Each structure stands twice: as C-alpha cells, then as structure tokens.
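Sharing a structure with you now.
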C-alpha cells in the first residue's frame, strides 16, 4: 500500500500538488496555517491536523510548500517540529523556492534528528501542478531521493537531479526564476519599442513566439504582456521580487555581480512602490510603458 | 522563365542566400566590393559584374545584403546607382539589418526613380541561409511585396508581413536581435551563478533547454555559452554592438529608454575594449565570468 | 585699440558672453539665425550682420556659441562660410559643447583655409557668463590660444589649458557635464531615500551642502532638487540628454563602457517621454520620486 | 568633573575617537574584542575592562563603534549586556553605520531597561577623528541628545540633529556613504574617458577639484583615483559594499529603487570577486579601467 505522506502549505501551488498526490493514491495528512485553505484537500480525501508537527509519522515523509526561507525555518526548526516527529529515517521534501544557504542550514539541523532533507523546487504554475506537469529539480542524499522519486513522479512531467549538495536544486530554481524575470523585461522593452514605432504589440509577440522563441514561456508571457493582462496573478509581483532578491543574495554570497538581476530588482520595486505588488510578476512590463510616456 | 535578379553583398549571409536563389532557378547578376568573394556564387552559376549598378536591369529586382546603414546608403543613394538603373517598376529588396529611419529615407529617395523599396530583414545564421530556413520579415508596398514573395519563399521557412510602413520590418528585426542579445546576457549570468555555487554550467544549460526554454535559441546558445566556445564567430560581437546600438538609437528617436539594451551596450563595449570584437556575440558571456573573478 | 571680433550664436549663453566682450571694450559684429535675438547685443553696441560669414574680417577672430555639432558644422563648413572669410591668420574660437571628433574634423577643414581652431568650451550658466565668472577650457594651437587668451580672460574667472590636441577641451567639457548629471542623479536618489524614511529633503540637502559636499554644484542643485523647482530651465533637459549622449558616443568611439552614463541616458529619455524636455536638467530627479510611488 | 564614559570598539575609527575623548578630559573604560587593540587607548589613560558590559556604570553613558548591525546587536542585545548594566537613566551613543531598522529595534529593547539610544553616526576618516574634525549626525530622544552633546562636540567640527525618530541619523549616514560611493564611480568613469582620449587623469581631476567640484571629497578622491592609489585602505572596499547594501536594503524596505546604488553594488562585488576587498573603496575605480581594456 502507498505510503502516508505529510503535507504542509496548501496555498496556490501546494493545494494542487497535494491533490495530485491524493489522486495518485497517497494518503495525506495536511496542515495549513489558515485552516480553511485545507478544506479543498480534505474534500479530496486528506486528513487535516491541528498542529503542523502532526502531519509526520516516525520515519515517514513530509512535503513542505511554503512562501519563503523564514516560513520554512519557522516550521521546520522550531521545538517540537515535524522534523523531530519524523526522527530517524524520516525525509523532508522541500518544494519551496528558498536560498541554498537556508537549505544547507536546514539540512544540517535535520541531520541531528537523522532526518534527510531533499531539496525539490518545482517549475510550473498552479495549472501545471494540477495537470501533474511540473518540472522538478532535486538535490540531497541519494538514498532519500531514491525513496521519494516515485512520489515526485506523480506530480511532474520530469525530474532532474543535481547531485548530493543539498542547495544545488535551489540554485537551479533561482537561476530559472531569474531567467523568466529577464524574459519578462526583454519582451517588455521589445514590445514597447515596437509600439512606439507604430507596430502592434501582439503581432510582434506572436511572431517571436512562432519563430525564434517558439517555447511556452515566450508564447504565454508574450501574449499576456502584449495584452497588458496582469490580473489575476498566476505568480505575484511580490513573490517575483523575493525570487530576484534570492538571486542577488546568492550571487552576493558567492561574490559575483548580476547586473541584469539588479535591473530586475529595480523594476520590481518600482512596480510595488506604485501599488502593483499583487499583480502577476509580468506586470513589471508596465514600467517600460510608463517610462516611454505611454501610461 | 524565372526572373533575373541582381544581388549586391556576398558576405557571410549574402553568399548562401544567393546560392539558394541560384538553386531555386533564378539567374543572378552579383556584385561584391571585394571581388574575390563573388567567386563562390559565380562557380554556382551567377554572373559577376564590375560595377554595382550593373546588377540591375530596368524594371527588375535587386537584393542587397550589406553591413550597415551607411553601406546601403553608399550603394543605393550614389549617383548612377542600381536604383537609377532599375527605374520605373523596379524593386529593391533590402535584407540588411538597418534602422527604420534609414529605410524610410531610402524608400523616399527610391520613389523619385519610381523604384519600390521592400524591407526584408532575415533571422537565421549562415547555416539557416544555406538550408533555406531563414525567417523573413517584410514591410513596404503591397504590390512590390507580392511580386518578390515567391523569391523570398525560396530562401525561407516562413515570411511574416508587418504592413506598408517601410521601416516596420526593420523594427521587428531590431527587436529580435535585442531579444537574442538579452538572452545571451540572461544565460550568462545564470550559468555563472550556477558555477559559483558548485554546479556544472552545461548541466544547468541543458536542463533549461529541455524544460522552460525548449527552443533552439536557448538550446544552441546555452550549450555554447556553457562551453565558452566563441570562435569562430557565427555573428560577430562587433556586429552585435551595431545592432544593440540600432535598438538604442531607434528607442531614443522614439523617446523611450531601454535599460536592458543599455546594459547590453556596456557589455559589448567592454568585450570589444578587451579585444574580443571578432568573437561570436555570445562572447559577452566572458564578462560575467570575469566580473565574478573566474577568468 | 581692441580687436574687432565676430560672434555667432546669441542664445542663452551666447548673449551674456557677447555682452561681457562688449563691456571689456571689444568691437563686436554679431549674427544669430533668429535675428531678433541679436537685438540685446546691438543695444549694447554690437553691429548685427545679415549673413553669418559677414561677422568675419580677414585674419581676425570669430567666436561661435551654437547648440550642437551639426549647428557648428553647418555654419563653419558651408561654402562661403566665415572660415573662408577669415582666411590666413584667422582664429575660430569655438565655445560650444561638441564632440572631440567634430572638433578635429572642423580643425582639419579650417587648416585648409589657414584658419586656427581653438576649442574653448565653458562651464557656468547664464548668470556666470553675465558676471564674467565662467570657467574656460582650451585646446588647440599654442599661438592661436596665446592670441585669444586676453579675450577669454574678459569672460572668465579662470582658463585651463589642455594642450594642442584640438579635441581635448571638449573631452573635459563632456566629462564635466557627465559629472554634473551624475551628481543630479546621486542627489535625487539620496533625497528620495531620506523622504521615504521620514526625513525632510531640504534638511538633508542642506546638511550635505554644508559638510561633505560644500561646493556650489551640490549646494545650488541640492536646494533645487529638494524643492523640485525645475522651471524655468537654466539648462534644459533636452540639452542635458545631448551632452550625456556626447559622453556615450565619445566613450563608444574610444571603446569603453560608461554604465553610469547609460543610466543617465535612460533617466533623461524617460523624462522627455513624459513631456519634461524643457524643464531644467535637474528635472530627471522627478523619475526617482515617481519610481518610489511618490508622484 | 567630567563624566566617566564607556567605549566599545577600538578599531580604525574607534581608537582615535576614544583618544579625542580622553584628551578632552573624559575618563574612559574601554573594551575591544581583540584585547590588544585597547592598548593604545590604555596608554593614553583609558581603563580596559575584560567584559564588554563592564564599561558601563549605572545611569552612565556608553559609546559603541562597531563594524555592522550584527556586531552592535550581539553586544547590546545579549543577556548581561552593558545596556542592562546602564539601566535607568543610561544612554547608549551608537556611532556605527547601521540600518535605521536595527536602530529602531535596539532603541525599543533599550527602553525596556530605561536606557536611551542615541544614533550618532559620524562622517570622516581616521585622520578627521584624530583631529576632532568629524561631522556628527544625531537622532533620538531630545533629553539624551542634550546630555551627550558636549561629549560629541569634543570629537567633531559640527553636530547636525535630525529629530527624535531614532533611525533618522542612520538614514542620513547611509545617504552620505551612497553619495560618496557615487562620486567615486562618477570620477572613475570621467577619468577613464579622459585617459582614453589622450588626456592626463590627474590634470582632469585637478581641474574639477579647483572649479566645479571644489570640495574636499572631490579633491582628495580625485587625486587618489587619478593616481590609482588604493592601498592602504582608509575605508575598505568590503565595508563600502556593506554600506551600499544598507542603502539598497533601506530603499527596498521603503519601496523605492535606487538604480545607481544597484550599479555601485555590482561594482563593489566585482572588485571583491577579483580579490580587492581590502583595498580602499575608491578601488572600484579599477573596474572602469578594466572594462576599458586598460588593465
């Protein structure tokens, strides 16, 4: 019979991932700080618990999908946490986008309880999570990764492993979100240049999506940026800033400048200063329009 | 029988395009400033002429594929040029990457000789030209575009029209090259971040080429940037600077900033200052490595 | 008796400089494209001429104070220009802020008429010009500079020579205007940071003007930026863009990036796109406020 | 008789400030983590204590001059700290360059022990500290500031108050260091532009120090940047990065971009990546030379 899994964090991404696990036959104990967000999972068959540590069974597996480094640390490093409950042989599969240094620190703390930490950040939005079409990056101990692999297969269209250094998958995730944010800025500036010279933003976006940049990111983002459709947010601008800052912090910690990330940081901040923090992160495109006197 | 076409400019791109036209059955009169560069075309059946105006026949069609705005102006706007020779009913198909303002000025001058100017910049490297796999953008008079369409089909895998404003296709070409240059910088910074944190540049590039950015630009550029293979140049860094500057000039003329283009300008210039002007334009990736203390 | 001098260009800066020369006892023949702008000078004793070449007397001296490279070239390089009229032994004192390459080209053309070109760009606004308190930078032939030195002393509080390479003084002028523009951006960002954290912009500006940066530029600019007083313009934002672009062009021509100049370029352009081209160039400070969501 | 003062942190800046206080007649109890650094102060009459809390006397005054936010927090917020020892009526004069948010947090914690926190960051290098020529900015409770004012006068040439919001003086200090760092970059780019065009870096630096920017910062920094004299460090590049990062963090926390601070961040990081972290912070000037292919 399939393993019982703990799952903490049932937000935009966590909920559909939990749903996929249930659908794949796993028995889930779930926890979310705002309890009402656990209801959809319960409706699908999960058991909600009152304290986050209660999702864990000794030697079992717990998934977390939380907002940021601090949220993971608060849940996992507190006294009486699920990590202590897991104990020897337990595995923590951390899906969140956090810094490699936090991942390393957590992993070291977990080790004291003989719990393995597997970094498993995912690429894809809520729709992809619901469709079991995420891309998963993993890093951490080989044995633990082997154990959780079938579970990760149930939520993804592909798993890519980056070795035993526990922070490695987080670095890849941070690189990826930086690359997507760069793509947003790139498309934004190009489309404003087109518009300023009399062309249709959507014609130009469509052309590039069919030719040079015929991949989903350019196609979907290009279309929405051309149409200036930024609400509701698939991934919010505030979270986008968090991830660009993770790139800059990780780069700073490893002594390298990322001038393009710095530019993106400034775009995100200017957008937030103008009250757009809850827009989709594509909404930084509005800055390029404003700086061109178009809005 | 197929039309006789004039062709001026047999460099890295011009030569394989001319070859495709010959292969498609067109009779070509060709000219190149450095005469020896015409030899491969002559070997394939073209007729070389001594003066560039001699490629034209009254009312016929002339293609040009030249280095920059000035080169096209010198050839097309001089006294006794091919444009005068073409005269009423003639069409000039301009494949070069030049500014929309130069295209407009040329088009107006051509009109005095009753010659139509069709902007037809192309996307793709020499290999794509040889394989008749270019992407062509067109703009200009509808009648002239209709006449040359079958010829352009002989060199391309797709033709995209952007209307009668003659500069429009140039704007799209400038947008496209800006986007590719941005992609180079994006990949460069991401891969250095990965390397600085202990990952393999090529593993990370391969991952993104298979997942989020599964399109040829990311795949081929990612691989070469990871391997730091910048010679021989498919498209030189010097020409890359020219095109980024076209973006900035066009943006400035239309009153909009392009901060990412400014960043790229600075990268290209720093690379040229360090003696890498003849490297492939992907070679700006070396700056990110140097700024990280890695080279 | 004092020499008769020709003077072309009686705009914001040219008029008070001409007035200082008259006051110093020089006899002036003046020309301005818009003839009415010559009236104040005529009222002070100058003689207005109908064609710009007529300001020159053979072997004499002509000053020009014009808007940009093209304006100087049109006046000085045209057939029948004042340069031809000056002829052997003549000196052209060029006060305008232009590129060193234009200065070199003009100087070479002047040499064919045996006319010396002295680059003499000036620092200071109209008030400083009226008060004979400009700073003058010179470069060009030693003999010509020696001849015009007493005249330049009549308009300045100091003359600094940068040698015989004719473009040198222009480079210094371009450096200086870049430095002032950087100072504007520096003060702007600092004051918005202060304001965002509850401090008074003018208190902070005043503090720095009294301590670390106790020099006129910081004091006067700091005060106006704090007060957001940008009209009427002492030096317009449009001209500011011209000068930042001169810095970038000169840098590009000599193969070096100037990332801070690129940032300034983007600020100026964004201001112009928003309709502030006729504000004082300090008006780029408004961008920092807007990007902070404060306007 | 003059008050007994505690003083923690006898580094490059702390030691000469302590010396000035001794010279002004104050009796000092001093502490430094590396005890040997207390010796010069002891030689001048101070009493060294073994634990940092021992510098405090109930209701007295303690100065701290420490490296960064964390160092101040570790010393001041630990159990049994000097703050507890000071108790009711005590004053902590914090000279360090730290963030306004840390200052606020500390101030709130101090209040629990009825200790006042006075933010008193200083401008000036070690020589200025030795010569009692610092500029001091203050913020915090009015009564506490009044009490310590005579003491601060003994180390400074001027005290500027920014009100009761305890973080205010820190914001001014952060603005000031950002402005100096911007000045370094500004001078650097200008001098490389001059050099690339055949001028002498020192001639140009001297010109601006005598004219437009006739203030000590431009004069001393201009001279050293022109000469590329970056060792020994007056203020290290590593600390410069810390302060630029304080600007960016404070800006981010208050929702505003500082694109020039971002550029500076990238310059500092690139310098550190190349092994220049212990150079004077003016050493970021070397980046501009390298990017111009000159080193």
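Order as written gives the chain letters A, B, C and D; numbering starts at 1 within each chain.
Convention: a contact is a pair of C-beta atoms (placed from the backbone, for glycine too) under 8 Å apart; a residue touches a chain by one contact, two chains touch by 3 or more.
Model, not experiment: these values are computed from the prediction.
**Q** Counting residue numbers used by both copies over all numbers at the interface, does the chain B-chain C contact come out same (over half shared) or different (under half)?
**A** On the two sides of the chain C and chain B interface, the residue numbers are mostly the same, over half being shared.
**Q** From the centre of chain D, which other chain's Cα mean sits the farthest off?
**A** Ranked by distance of C-alpha centres from chain D, the top chain is B.
**Q** Please compute the angle of the rotation superposing chain C on chain D (C-alpha atoms), rounded to a multiple of 5 degrees.
**A** The best-fit rotation has an angle of 180 degrees.
**Q** How many angstrom between the C-alpha centroids of chain C and chain B?
**A** From the centre of chain B to the centre of chain C is 39 Å.
**Q** Take the average of all CA coordinates in chain B, do the same for chain D, and state the distance between these two points in whole angstrom.
**A** 53
**Q** Name the residues of chain C that each touch 2 or more other chains.
**A** If we look for residues of chain C contacting two or more partner chains, we find 251, 255-259, 263, 266, 269-270, 273, 291-293.
**Q** With touch defined as at the start, can you tell me which chain A residues reach chain B in the complex?
**A** 100, 123, 135, 137, 158, 160, 162-163, 165, 167-168, 171-172, 174-176, 178-180, 182-183, 185-187, 189-194, 196-199, 203-204, 207-208, 210-218, 247, 250-251, 254-261, 263, 288, 291-293
**Q** Of all residues in chain B, which touch chain D in the complex?
**A** Touch residues, chain B against chain D: 259, 266, 269-270, 273-275, 290-294.
**Q** Which of the residues in chain A come into contact with chain D in the complex?
**A** By the definition above, chain A touches chain D via 245, 251-252, 255-259, 262-263, 265-267, 269-270, 272-273.
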